[in-house]
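The same subunit A turns up in both complexes below, where it pairs with subunit B and then with subunit C.
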Partner chain A sequence: MISLALPVVLPLLSAFLLPVIARANRTTASLLGPAVAVVNVFFGLLIWQSIAESGPRTEALGGFTAPLGIAFHGDPLAALMVIAISALTFLLWPKGSHDPVREPVLTLLLMAGACGIALSIDLFNLFVFYELVAVASYGLVASQGSGKSYIAALRFLILSATGSAMALLGIALIYSVTGTLNLVALGGMSELLLSGPLGISAFALLLIGFGVKAELFPVNTWVPEVYATTTSRVAGLLCGVISKMALIILLKLLLTAFDNEAARTLLLTVGILSLLTGELAAYRAQDLRRILGFSSIAQLGIVAIAFSIDDTAGVLAGIAVAMHHLLTKPSLFLLAEKWGGRINALRGASSASKSGALLFTFIALSLIGVPPLPGFWAKYLLLSALFDAGEQLHYLAALILLMTTVIEAAYLMRIITRLFEPHAERPPSHARQELIPAMVLGGVLLLSVFIVVPLGEGLSRVAEQTVDQQLAIQTGVITPLAMSNLP
Partner chain B sequence: MSMFGSLDPLLSVSLLTVLLMLGLGQHRHAGWLAVAAYLVQLILLGVMGTMLAYSPDKDMAIASGLQIVVMGDTMSWAMTGLGWFFAVVTVGAALFTAWFAAGAWSEGRQGMRLYQVCMSLNVFAMLLLLSSGDLLSLFIGWELVSWASFLIMAQRGGEAVQAAFRYLVYAMSGAVAILAAIILLKVNAGSLSYSAARDYLAGAPTSILWLCIGLFGSGFLIKLAMVPFHLWQARAYSLTPGPAAAFLGAISSRMGLFAIAAVIMTVVGMDRLIELEIPYTFLVARDLWLWLAAITIVVPTFIALKQTDARMLLAWHGIGQSGYMLMGLMLASPMGAAGGLLHVFNYATYQAALFLTVTAVAYRTGTTNLDRLGGLVTRMPLTFVAMLLGIIGLAGLPPMNGFVSKWLVYKSLLAQEMPLLFLAASIGTLGTVLSVYKLIHNTFLGQLRLEHENVREVPWSMVIPMLSLGGIAFITGYMPGLALDLVTIAQQSLGITALDYHLGGVNTDSGSLDMLWVVSIMLIAIGIGALVFLAGNRSKRVHQFDNYAGGHFLSSDMRYHYSHNFYPGLMRVIGPWYRGSIRWLESVLVSITAFSTSLSLGIFRSRFASYYPLFGAVVLLLWVGLP
Partner chain C sequence: MGPFSDIQILGYILYAGALVLIATGLYLIVTRQHLIRILLGLTLLESGVNLVLVAAGFRGGATAPILTATIRDTASMVDPVPQALILTTIVIGVGILALALALTLEIQRRHGTLDVRRLAAIVDEETDGAATKPAGSPALSPAQALPSSGQRGES
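Moving on, here comes the complex of A and B:
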């Protein structure tokens, strides 16, 4: 049986070894990163298979059990995220950089941190991996080397560091109340200790802290600036996987330590505000990459809304929207590589790059939620879950989701009509090679139109096993000890 | 017969047409291939029609073998008599407009492949919608129709894209309203089937019922372009390439009417609409629909009167005419529903004919501006005949079919004692008569312009479909029973008793109509008049410039064709009534959106963004601490 730690350890190790290898042989060094990503996909698949055979399981690294040791928990969602993270990292591997070491190392660290978040069930470890991801992403954003990207990275850093400080404060609060940071253990005592004002304050601080990467309102002001100045590949990675991992931390918290109404309402409110401000700002913005950034804020707001619903249907909808966004937004960013800048400059782009324009249109239609494309099913699931939940705030969320769909359609179609407008001056065209990663993602999206039935069943199982905390506690190795530590 | 007992052949042929056009659309003869494909579809529909007509079970639906279960929801497709009726009109309109486009019209024209793909895609999407077997497949068909229409509207580029974009925003707003209603029903009824929704709504509280009517209603009415949701239509249709505009004008909006019949009238139910009182008034829910229809008959018709572009004029009439259809259908009596549904068929015949004649004129003269045409009757006599047949139909006068359907609607308004609605409908007809006269006068009558001296009649490939449509409009006016055969199938599947009709018309207690007599007498009278005219004809044919008026010779530089500012006297009276209130409402909405978008963008522009985590934390902690 494969160890759960492998997808984290391998990229970490290769990140440290890469500078050494690069001195000996540059070609090997340049191939190492993508190879690790591919191997990591296999690790993810192996974990998926072993979970499918014998159910979710928890591993204590090095035999040290919690609260001292590090605990990893493998469930289908974690396996799915490991696969998605590694595959996307492979597709978006930084290419042709002037420094053969810096960007690959940072990308490997990013991958390791993201996989760590997927697998950890210890709040402190989650925080450590989150910080690892954060530091790697500052570096990646700044690696573009332009003045603008330095400024963006600096602002991002200040915002993110303030957020992390808050998150740490929240973690300290939890620890002072409960004496443990293991999520399964926290789940056991959340009713008792964390449902009061102190617990909710801790959650609020964590929400602000992790909300920075999750692009949640109001700590998402870095998004448009960073995405507009960094490379498309980094933007794709940040909005494609990193943001999802931050939201998955919040999901894990909601399912265990903060399984209460107040915390859910907080996340729901923040999600609604993100959705509304993101889509409205995207409608107004004029720069393609900024528009994509705002749209990504809105999409993550939708995921937050979904995760805040106290039902398997909500988690399912959240995973569906998140996976859909993970496929669509990076490929749109890749297409925007050549099409950055004002959307008015995009006139005539389709005659220069027909396949690029068609791909953009296809993905945009799915993002709007035109049936029978996958984006429609994701929105459909979410709306069903919201109507089923039936609180007033849920109806408000549904109303705003529907209204912003119209706005989303308007701004995306405005871009598309520009693309197909005949024009004398043609914007730069995509080289065929550059389109490949975007085409792969678009291809997966197209494929999922035809396999929507099994896909839906698979995702439902993932959601069920994610929500089923009883299962997690049964497979856990730590609960009795932690419970005995109750003050 | 087993192969024809299924919907699959029709849908497969329709899908195959799309694929064929995708592959071969650029070919010189692709147009004729499309005509053949629509003909096959029409034949398949004919076979299905005989099955539906002779089936003892009036609720029978011809089902497709395809069934998809997605996340616990079943999607299926089956065509009822109602869907079949609309499908016949759809494929028929596609056939004639494709025929018009197949020959000379498409020669040397850019982008014909896209055009053919769009057309066949529209037909396929509409067939999917019309055969939806549950609310989810209804929504998918609905969305496909919207996007397919957008594609065809936007084809011309430039201004057309702007108009299509406006349509899209309206259509998306409608679609999300419909989606909300569907999910509301699904969550409460536990299933997406029509029957489950019907059972649930039968006992549902009034608030839910109003919510469903409001959400479904606004979505469907946007497609049907009822006032106040009508602003998108005229411009979008008039900028669509000619034959496609004829197709859209003839049938596309009617998808909204189909959905109203299939969902509002059937799932919500007419009984509930009649029971459901509007709070604080003496009206019931149905009156709301009837009055919307009445306003739609009057307002757009008089807006049409002011248009100076032939396509805009026709497109505005299209909006107005759908008011008659909705009104008839909502009366839900045997005669009213028959009138409403018959009007769908009739309107499609003459509206397609009219759009095609205008396209033919534009093909030869390059303009549809009513101030820049005139006198073309001597140059394009066959097109003139087609337009004449069309406008008599549109105005609703005998001997054309438009008269019959309007007569049925009027008659049932009187029978149900609704004099105010009758008045509104009559005012609408008056406006229609005035403006269709303007259309034919400014185009074909009066003085020929010098630059049109050498204009010739359009080729036969265009003349035949126009005249055929006009001919159908005449024949089904002469023998309304032919069209009522189709209408009855739809009406019975709606659960409304069939009308007592015969080949020439209807028999009712309050009065009968026999068009065979009416038209025969008219024809005899016209024949006598013609004989008198020919017998006493001492006239001499002269060229129009070999002429004088008021003692002056008329030369070509002197315009005596009166076309600009038509009906000035009437406009002095009714002019102040044109307020543009709904346009104003639309602009208010646009401004609110613009304001809130800049506000949102402002949040992200803030120079103090780094303090946001602190602000956020303080606000959240306050929220936690205060209660």
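Moving on, here comes the complex of A and C:
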């Protein structure tokens, strides 16, 4: 049986070996990173298979069990995320960088941290992996090497580090109330200890902290700046994978430690505000990459709304929207790399690069949610989950979701019109090999149109097991040991 | 002795100190425009949060959590877990501060200013400008907006 720690250990190990290997042989070093990403995809598939055979399992690292040790928990959602993280990292691998060490090492650390977030169920361990991802992403944003990318990276760092300090304060509050940070153990006592005002303040602090990477309102001011200055590949990784992982931390918290109404309402409110502000800002922006950044704020707001619903249907809708966004937004960023700049400069792009313009149109239509594309099904799942949940705030969320879809359609259509407008000055066209990663992502999206029924069934099994497993854990045997039970 | 024992007072001092540090740190981060002062605020904030963690594991009259062959009585020790946690967070904090200072140095070298408002204006000007400038002002060509895209295509 495959160890759950492997998808974290392998990229970590190779990240620190890479500088040494690069000194001996540059070709090996440049191949190592992508190879590790591919191997990690296989690890994810093996974990998926072993979970499908024998059910989700918890693994205590180094043989130390809770509460002293830290545990990894493998469930279908974790396996799915490991596969998605590694596959996307492979597709978005930094190409043609002059330095064979810096960017690959940071990307490997980013991948290790993201996989760690997917698998860990210890709150402090989640925090450490989150910080690992954060530091790697500051470095990647700055690795562009231009003056403005340094500014963007530092401003991102200040906001994110402040948020992390707030999250740590939340963790300290939780620890001082409960005496444990194991999510399983916290789930068992959430009713007693964490549903009061102190628990809600702790959740609010965690929401501020993890909300920075999850691009949630109001701590998402870094998004337009960073996405407009960094490379498309880094922007794709940040909005495709890292933001999802931050939301998955919040989902884990909601399913275990903060399984109460107040925490859900808080996340729902923040999600609605993100959705609304994101779409309105995207409508107003003139720079293609800023528009995509604001649109991703809105999409993550939708995921937050979905995760806040106290039902399997909500988790299912959240996973569906998250996976859809994970496929679409990075490919849009990749296409935008060549076009860049103001959307008025996009005129005539279709005559310069027909396939690029068509791919952009196809993906943008799915993002809006035109049936029968997958984006439609994701939004449909969320709408039906919202109507089933039946609280007033849920109806408001559904209404805003429908309204903002119109706004989204308006600004994406504006871009598409520009692409197909005939114009004398053409923006640079895409070289064939530059289109490949975006093509692959678009291909997966197209494929999912035809397998939408089995895909939906598979995802709902994932959602069921995510929720069930956590419920099973909550009533499970693990109880926090008092200090006096130490050896 | 007043209504509080010495131990309780010590606990309150810990939390009060942490609160002061956190408040000062947040105040500096929010109100200051100079990067170094913001980073100072960040350091104060992190210290305050670490102090909260220490206070969470504090026990009056307890000893350091070191197990030996003879001392196995954990009930009279302070909680070791928060201490292990803050070791980690201190290391993370130092790393992030070093990275932030390196970036600050590079920014000072390239732009000659450490005022965050002016720096933010520089980024806005070079990328979007939609909010500040009317359309038709010297628009950036994609090549300018993406200085590395040309090199990337060739390499």
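Keep in mind that, in the parts below, the second predicted complex is superposed on the first by the 469 of 487 C-alpha atoms of A that agree within 3 Å, B and C clash if a C-alpha of one lies under 4 Å from a C-alpha of the other, contacts with A are read in each partner's own complex, and residues count from 1 in each chain.
Heads up, the rule we're going with is that contacts are C-beta pairs under 8 Å (C-beta built on N, C-alpha and C of every residue); 3 or more make two chains touch, one makes a residue touch a chain.
Just so it is clear, the structure is predicted and the values come from calculations on it, not from any experiment.
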Would you check which partner chain A:F42 touches, where first means subunit B only, second means subunit C only, and both and neither mean what they say?
-> neither
Just subunit B (first), just subunit C (second), both, or neither: which does A:W93 touch?
-> neither
Where does A:V453 make contact in the superposed view: on subunit B (first), on subunit C (second), on both, or on neither?
-> first
Does the superposition put A:A431 against subunit B (first), subunit C (second), both, or neither?
-> second
Look at A:S146 in the shared chain and tell me whether it touches subunit B only, subunit C only, both, or neither; answer first, second, both or neither.
-> second
Once the two structures are superposed, pull the subunit A residues common to the subunit B and subunit C interfaces.
-> 155, 158, 162, 224, 284-285
Write out the stretch or stretches of subunit B touching subunit A in their complex.
-> 68-71, 139-140, 143-144, 147, 154, 157, 161, 165, 168-169, 172-173, 176-177, 179-180, 183-184, 186-187, 593-594, 596-601, 603-604, 606, 609-610, 612-617, 620-621, 623-625
Could you please specify the touching residues of subunit C with respect to subunit A in the complex?
-> 22, 25-26, 29, 35, 38-39, 42, 45-46, 49, 52-53, 55-57, 67, 72, 74-75, 77, 79, 81-82, 85, 88-89, 92, 95-96, 99-100, 103-104, 106-107, 110-111, 116, 119-120, 122-124, 126-131, 135, 139-149, 151-153, 155
Listed in rising order, subunit A residues that touch subunit B in their complex are 155, 158-159, 162-163, 166, 197, 200-201, 204-205, 207-209, 211-212, 218-224, 262, 266, 276-278, 280-281, 283-285, 294, 365, 368, 370-372, 376-377, 380-381, 383-384, 387-388, 398-399, 402-403, 405-407, 409-410, 413-414, 417, 421-422, 452-453, 456-457, 460
Across the complex, what residues on subunit A touch subunit C?
-> 67, 95-96, 98, 124, 128, 131, 134-135, 138-139, 142, 144-148, 150-155, 157-158, 161-162, 165, 168-169, 171-173, 175-176, 179, 181, 224-225, 228-229, 231, 284-287, 289-290, 337-342, 344-345, 427-428, 431, 434, 483-484, 486-487
